[in-house]
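Here subunit A shows up in two complexes: once beside subunit B, once beside subunit C.
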Partner chain A sequence: MISTTSMTFDDRPSARQVCVFLARYGTALLGCGATCIRLEKNIDRIAASWGMKTSITIMPRHLHITVTDPGSDDLFTAIDEVSPAAVSFSLNTRLSRLSWEVADCHLNYDNTVERFDDIIANCGGRLSRGGELLLVAAANASFCRLFGGDAVAMAVVAVATLAGYYLKILMLEHHIDVRVVVMASAFVSAVLAAGDALFGIGSTPGVALATSVLYLVPGVPLLNSFSDILYRHYICAFSRLVDATVTVACLSIGMCGGMLLMNQGMF
Partner chain B sequence: MDWIDLLQDALFAAIAAIGFACISRPPAGAYWCCAVIAAAGHSLRYMLINSPEIGMHIVPATLLASLVVGVMAVFLSPKVRCPAETCLFPALLPMIPGIYAYKSVAGLAMCILHDSPEEFDRYFSLFTFNGLTCLCILFVMVLGATVPIFVFKRVSFSATR
Partner chain C sequence: MSLPFVTWCCIAGLFVVLLLVRLARMARVCFNRPGRIFEIGTEREEMFIPGDRLKLDEHDLDDFDDL
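Moving on to the complex of A and B:
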């Protein structure tokens, strides 16, 4: 448990300190999959509670932030790079809560930085590998059922998802390019799902094949990009959309490759 | 429309939402929220499409269902003190038009692999029909789900307070 101290006038951080911290905070938030509007609101909230004003430019891979201290007319600008990280709503939630703690409990600068470092070091939210694999396999099998797949198709999709998702985790741990990872995972899942049609064991082999790769669909970037469009963050929206499109293209290439290998018709 | 089918639809949508939620690592308390919202949204869409009295097309049905998903996410997320997106996105994923997407990609691949103009026309028609349907569903789905966050801005952005 971290003890907290409310901010007094003497604790007021400099524009430079605030700017450097907010650049770190912003890139962490952007990296974990937050929308641009959430980033702006959280940063403004923290800066306002320390008596500062901010101006932010959000680029797809960089955050450009200027902090002004109206009391002393000090002005400081920082540019920080967004590190590519996996989507983590847990981190997003904890960082958003931190911004409210700063605003409502008047956390001082040192306590806020300490708490931020603690959140980054122990962001959590990840299940055990086995638990995650089982849940994703069950989710994709349920997906198959929602699209009209029979019990055999669901079982085939669960196995194909287990294998594909496990490969994805392993390849990402070896820092292999995410596009190659998506292609390889889709290929493996499609090859395994083609077994339903190949051995004629079920009545909905097409559904099994079509749903076997859906766990790779980049849902969060797609949905984030639309939220960014609503708030007129067009550059970020376009970047996320292109990112999602590239992932879908890789997924399609992997799936088509798997189907060609197994000599499966597409209709 | 069979009530058992409707309940099954809700159940499988909830399982799908929980499974896909774990990929994006939400806080532990948010899983039930994702499941409830996904079950409500997907079963509503199922009812709108399959009920003989309503028989709605998939696109407007998706729009209505995703609006309900969006509103539920905005008002349930403060209960678990997490951003609305945390509950919204996994709950929306079971509505992704996977089969249309698959058929449009397959149509495009078959267009390239076939030489005769008749075959090309046939697969091109499949590609455009499925591709357009898929895009329309995606568009209304995202629109319906994000508009409540935009409308109820104050609630949405103070959920983590």
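Moving on to the complex of A and C:
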């Protein structure tokens, strides 16, 4: 159970404090894969519960926020950089929940900052690497089944996914460019999945090959870009769409390279 | 041997080697850590009779130890 302290009039933070905190909060939320509309709503919710007004400009890699205190006419602006981080629904959910706690439980500024630092330090309760690997492999094998793959194809896809995803983790740990990582992972997964056709062990080798790289498809950026288009955040939407397109192109290059070497499919 | 077969074997072989290297590294780290699974203990650790002095109390002698 977390103890909280409700805000009194004396606890009211300054516009500068609120602005600096909200810039940190916003960049963390944007970095973990939140849509622009969620960012706007959460920031407005927190600012309103502290009696402030905000104006936000969301750029693909920067957040520009101005906080106004109607009581004292103080105005403060901050620009913060979005740190590139992995998409994390857990972090996304916890940060959104924090905004509701500020609004509903009237959390004061110090408590909110403490809770925020705690959430960031724990990375939103991230899975262990082994657990993540197994879940991704199981998910991709399930995709294979959904597309009509047999048990052998599912097993081949699971192994190909394990190898490709493991390579992805290793390369990202060594700070290799993400586009090169996607290409290499797709290549390895495609080559290993082609083993189904090469050794003639299953009846659906095509499905195994096609679904072996699905774990690399940037689903979240594609969905977020569509959401941003709906809410007229065109710059962010376009940026996310281009990012996702580049990733898909790298995935295709890696997969085509694998298929070419394995004498599979369209070549 | 065909090119696809060689390619597949190379990729699969590299991964097996990579996994073995990582496992060996992990095993070495585990072996060097205190509290390993197998180790040669002291006589005191192997045979302890209630009433024996604990290692921590080695300098805390009382009258019973003189007997």
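Everything below uses one rule, namely that the second predicted complex is superposed on the first by the 261 of 267 C-alpha atoms of A that agree within 3 Å, B and C clash if a C-alpha of one lies under 4 Å from a C-alpha of the other, contacts with A are read in each partner's own complex, and residues count from 1 in each chain.
Assume contacts are C-beta pairs under 8 Å (C-beta built on N, C-alpha and C of every residue); 3 or more make two chains touch, one makes a residue touch a chain.
Computed from a predicted structure; not experimentally measured.
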(request) Sticking to the clash and touch definitions up top, decide whether subunit B and subunit C on subunit A clash or fit. (result) fit
(request) Have a look at where A:Leu127 lands relative to subunit B and subunit C in the superposition and call it first, second, both or neither. (result) first
(message) Can you tell me whether subunit B or subunit C touches more residues on subunit A?
(response) B
(request) Look at A:Ala151 in the shared chain and tell me whether it touches subunit B only, subunit C only, both, or neither; answer first, second, both or neither. (result) neither
(request) Could you look at A:Ile176 and tell me whether it touches subunit B, subunit C, both or neither (first, second, both, neither)? (result) neither
(request) Rounded to a multiple of 10, tell me what angle the C-alpha centres of subunit B and subunit C make at the one for subunit A, in degrees. (result) 110
(message) Looking at A:Lys41, would you say it contacts subunit B, subunit C, both, or neither? Reply first, second, both or neither.
(response) first
(request) Tell me which partner A:Ile79 touches in the superposition: subunit B (first), subunit C (second), both or neither. (result) neither
(request) Check whether A:Gly195 is in contact with subunit B, with subunit C, with both or with neither, and answer first, second, both or neither. (result) second
(message) Can you report the least C-alpha distance between subunit B and subunit C in the superposed arrangement, rounded to whole Å?
(response) 18
(message) Quick check on the output: what are the common subunit A residues between the subunit B footprint and the subunit C footprint?
(response) none
(request) In the complex, go through subunit C and note every residue touching subunit A. (result) 2-5, 7-8, 11-12, 15
(message) If we count contacts the way the header does, which residues on subunit A are in touch with subunit C in the complex?
(response) 163, 166, 188, 191-192, 194-195, 198, 261-264
(request) Give every residue of subunit B touching subunit A within the complex, in rising order. (result) 8-9, 12-13, 15-28, 30, 42, 81-83, 85-86, 88-89, 92-94, 96, 98-99, 101-103, 105-107, 109-110, 126, 138, 142-143, 145-147, 149-150, 157-158, 160-161
(request) Give every residue of subunit A touching subunit B within the complex, in rising order. (result) 33-35, 37-38, 41, 86-94, 96-97, 99-100, 104, 125-127, 131-132, 135-140, 142-143, 145-147, 207, 209-211, 214-215, 217, 219-220, 222-224, 226-227, 230-231, 248, 252, 255-256, 266-267
